[in-house]
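Pasting in a structure now, in structure tokens, and then I'll have a few things to ask.
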């Protein structure tokens, strides 16, 4: 059994039952819907208690439940550049704004990156008379490049140099 | 003269003067630093009053000032996939989470996209005892696929179907 | 001036003077030689005091000194797959062993990655009668995938589930 | 029967039984877990006694046991560049730091490479109040480029020239 | 002299003078601005009287004036897929909607194409309380596949079969 | 059923029956053999009365008859550059002579193209004592680039400027 | 000196003088304008008397005259697939109709090709009330695949088998 | 049925029967073995009487016999550049010597090509004390580029100019 | 100086002097014209005495003479597939006939190749009332795959097995 | 039946029986093991007596035995560049050392190549206190470029010029 086959099975059941993602993530609960949906689409792991609830909800076998609890080989399944317009917009944001984000994050935080792992993501509908907006709040831990072997007087952990 | 040549000249002056981006965006003002930096890196346009201030700051010629006011051919200059770790993390976020974002945005808003154009971006340092975080708030206007020619009874603008 | 031009100038001076990297990193000091060499090769930033020493050592202009203090656009300049045998061996290690490393790190630590940023690297010559060995010690902070929005009962931060 | 088919069968059994890699490598024993896991994932060979134990553990046929004992055609199955974040971080380390590693290893050891074959790998959890770390110790035999046909006075085996 | 060199010269002069495209196309007149701008960007020909006006406006030599009157080797200079967001949106419209456009045009008109040559294009700002719109009207002559050698009773010129 | 499958079925029947193309196009009639053969090879549409005759001739089902009446997704099935010598010679003619054809057509007709849609094609055997010749007569409607928005005095429709 | 440099020089002179191709081919004469233009664009050879006239017309040096008399390395300089619409239409004709041309030529002539070398080309303006047409007459010698070693009774030279 | 399937069937029968190509081409006769073998490998047509003999020899159906009599879509099935050493040597001869062959053929014959269609090929074993040789004699009709529209005084058919 | 520059210089002199290849190869002599021309076009070496004569003929410097005596990096300079019709025909012969040549050479000679190195090439004009022919005689030494380690009873050197 | 299918069958039997290659090549005998193994992996031919023994050993059908006796289409099945470390090392040797090998072989032997066909290969374990070595002895016949048409005084066969 491959993870792709499990994802396909889950989408078939969702469709069969007429469930929304909201229904599913409410039923599974436990953490942010975006993570639960990502896991059911084969890009994240569900921790054990959630895998158990998900398996009960979808009527999965014990082996399928365990597969949901495995960390998948991530990042397969999205052609890059994305052909889907919704996903492409995010790709474009990175392509156009990447250099400016780099310049400003590095100036504010020093040399390092924003973690894509220790990372929160929240999406909200923002009512707006001119048309509602997708409001996204992300926060990723800043990870300074570690200046290993650094002597005293070297700013610790690459933080901003004033 | 090409836009790349102007970008290189601006970076040379910034380095010569020892200016930070903060110094530059404070001096130019007018709109979000991320846009101003993006424009100086050749990915956005500076509106006229800002182009004037920027030209004064950097000692540019009138033609160079006008070039800053032109919309550049965007998206050149960032290899995709990005080799720089800071930019790559954003790329990875899209590659791994794109499908879940798509599922949830579409369920909440209906069929459409988050605009990458009518789009705000704010970055902030979030103090955190476990390590400060890069907090990003984006909001993009939701642009529903327009169901043009839609008759009555068809939900307007592709919004969520309950 | 581009970073590649600065790297070329530094290598020319090193060759002109007949200096070893050891001589250079001893003179600059401050942190691990592997970081200092990486910075001089255009892949890392030198923090201000080190950039100052390096500039003095190589007789660089103030603008060149500032460029050394900038975070470069990393990852350019190494063709992938590497054609150089020394670098290729590391690439091969990742290609062949990547899946096993993934399986074991995930089982030991839970869902996450080893940071390539908060990362130490130490290389040592290990005398060995059968031929000396390159001993490398790396340690990267384990970054668990953050289960944002997690309720109580969900193992915090993706750590190992027993 | 292909090696890929055997790998998929082994992963199905592991999941069916609910075994961890630790359980499996303890049961098989004999050498480093990273090698045993690599072999079960189709990237290494298991020597005969280990193949025997593995076959008993998984209930494999004699032909499948022998296939585990064969050296596979290595390096298939990992897309390069890796899409999985955990594996990508190692790839990035090589891409960013390769040139500096090359400069320092060559200066310390002379002209040669670190073997990817006569190579030890040990991974350990390093407790750390700021977050545990993945500690990796590798040592690879330094293999100097042999200066074959070298006369007296030529440093033997390409070692460091002082 | 190549057409690319002439285009760059014209853009430099436009910037030097601070002219808008509107100023230029008003001064040159004669036909739709979109064609005149296309010609100045090296993708169309300017007919003689317009080439003469354009040359006077920009102070071009007789040979440069004649080059503007030549049909250029079209279609060079736009990377495909486009990296610029404005151009990409049109590309996306074709990629997503191409098959449906084909189905409907063929059902309405029969077997044929919409000409990209005998083609009008008009762009207008459409005031809209919800946000102005780019209104584009294109009309291309429908070119039915000619059923050459067709006998009587065969619908002429591939038009709709009812 | 795909169009390729229908083509293969038709070729199998042709071979089974021992029919020539001449026999087939005589039986179907209605328009030029080159179009009828093209349609049976999956590159054109047959209008309804011809699709009906063709279906009767080959004993096709009503759905297969309707498929012959559909405009296919054209241009699949010929590798470009062609490996078949007969087709390659035409490709070579375009590659070698394209620029001269462009220069002369544009000088004679003005700015535009020869239509590949409103296009006749006739092939004939031309007896010749030195070896018969393939005589091809094509005529394509000249489609001038439309100078939309053109004022008086601008040569209409891009025609030759004398 | 390369042939490309000679072509660019000739085009510069043509523009400088304001000559049409008709003026040039009338002045050079000797054979079909399409061949003469092709030669001046670097895709054909001019035989000696024509090269002499062309050199006199353009004021070329003896070496340049001799270069016009050389057979060039043909087929360089047209990107395939062509981006220019005029040339693309011919390419499209081959791609769409190649298989039908092959079927019909082979049925009429037997196994062979239409020569692209022993080949005439004539282009004419065909007045037509619905829009003038580009009328092209080509005839290429049919070259039957030679059935070498053929015994009696084998149809000579692959001609049509009745 | 495709031509590839017929080729595989023929090779299976040849192997089953233990026939050599000599046995097969003697039995089929009629023309050069290289053509007959090429046809059975799917690259040429067999004329009717030979297709009949071949069908009898291999026990083919009437439809398969007719397929042997069809001109195949040539040139598929040989990867270019060839991976097989025997075929690669011929490819290499063209790549290395092509320019010299071109220079000498054009000087001897004028502007034109050696036909690959009106072409004989004979292969013979040439006994040689230093090791037998593969002796190949090819002759292809020289096809001069036709100088259509040529006036008197222009050397006919591109032949050598003395 | 590169070999390409030397080739261009030689072609410039040849054109300047108005020499034919025959004149040149007669003057240089020594071996087959096809080799001498190939060497002057940068694809072969001229042995010393010939390099000396060639240098005298073209007035080359001693270093240029020595370059003619070097074995060049062969096979550069011909795009593959060839765009030039004359060279393409040879390429097509290999693509279409390669598999049949392989079958017959192997059946006649056993397992091996025809050498492209120990290889003669002769080209001749063959007068023919139907049009002269390019007659090519090649003979390449047959190189049997050596069955090294072969015992008695194994046919020596892979020769034909009867 | 294809050669790939036969190879997979042979590997399955080898595994089923638990045979080593040594067991197999001893049983088949006749020539060097490296050739026999290559043939069983589908890259060489087995001469008749060996094919007979191999067929007996593996219990193959007469058609399969004959397929082993056929020269396969060589060179398929190894991805280039190789991902397997053992095969990659040889690839690297060629990539890094090719130019030097060329320079020295040509200086010692004159213009020519080392045959990859008339070629011996022997591999041996070389006991070495510092670690046993893979000792490979290859010898390939030097094949001088034949200077066909060479006159007296031209060094025969391209051998070294002193």
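As written, the chains take the letters A, B, C, D, E, F, G, H, I and J, and residue 1 is the first residue of each chain.
The rule is simple: contacts are C-beta pairs under 8 Å (C-beta built on N, C-alpha and C of every residue); 3 or more make two chains touch, one makes a residue touch a chain.
Going by UniProt, the chains are A, B, C, D, E, F, G, H, I, J = Cyanate hydratase.
On a predicted model such as this, the values are computed, not experimentally measured, just so you know.
S.K.: Return the chains common to the contact lists of chain I and chain J.
M.R.: H
S.K.: What is the touch distance from chain E to chain J, in steps?
M.R.: The fewest steps needed to get from chain E to chain J is 3.
S.K.: Tell me, which chains sit next to both chain F and chain I?
M.R.: Chains in contact with chain F as well as chain I: G, H.
S.K.: Between B-E and A-B, name the chain pair that shares the greater number of C-beta pairs in contact.
M.R.: A-B
S.K.: Distance from the CA centroid of chain B to that of chain F, rounded to the nearest Å?
M.R.: Result: the chain centres lie 48 Å from each other.
S.K.: Where the CA atoms of chain D average out and where those of chain J average out, how many Å apart are those spots?
M.R.: 29
S.K.: Cα centroid separation between chain D and chain E, in whole Å?
M.R.: For chain D versus chain E, the centre distance works out to 58 Å.
S.K.: Taking each chain's centre as the mean of its CA atoms, how far is chain B from chain I in angstrom?
M.R.: Averaging C-alpha atoms per chain gives centres 59 Å apart.
S.K.: Counting only residues that touch at least two other chains, what does the list for chain E look like?
M.R.: 71, 73, 83, 85, 117, in rising order.
S.K.: Which of the chains touch, listed as pairs?
M.R.: A-B, A-C, A-D, A-E, B-C, B-D, B-E, C-D, C-J, D-J, E-F, E-G, F-G, F-H, F-I, G-H, G-I, H-I, H-J, I-J
S.K.: Mind pulling up the chain B residues that touch chain C in the complex?
M.R.: 8, 12, 15-16, 18, 79, 82-86
S.K.: In the complex of these two chains, what residues of chain J are touching chain H?
M.R.: Chain J residues touching chain H: 1-2, 62-63, 66-67, 70-71, 73-76, 116-117.
S.K.: For the complex, which residues does chain F have touching chain I?
M.R.: 81, 83, 85, 88, 92, 95-96
S.K.: Within the complex, which stretch of chain A touches chain C?
M.R.: Contacts found on chain A: 29-33, 35, 44-45, 47-50, 69, 71, 73, 99, 102, 106, 111-113, 115, 117-122, 141, 143-151, 153-155, 157-158, 161.
S.K.: Provide the residue numbers of chain H that touch chain I in the complex, in ascending order.
M.R.: Of all residues in chain H, those touching chain I are 20-22, 33-35, 37-38, 41, 43, 74-75, 77-78, 80-82, 84-87, 89-109, 112-116, 119, 121, 123, 125-126, 128, 130-143.
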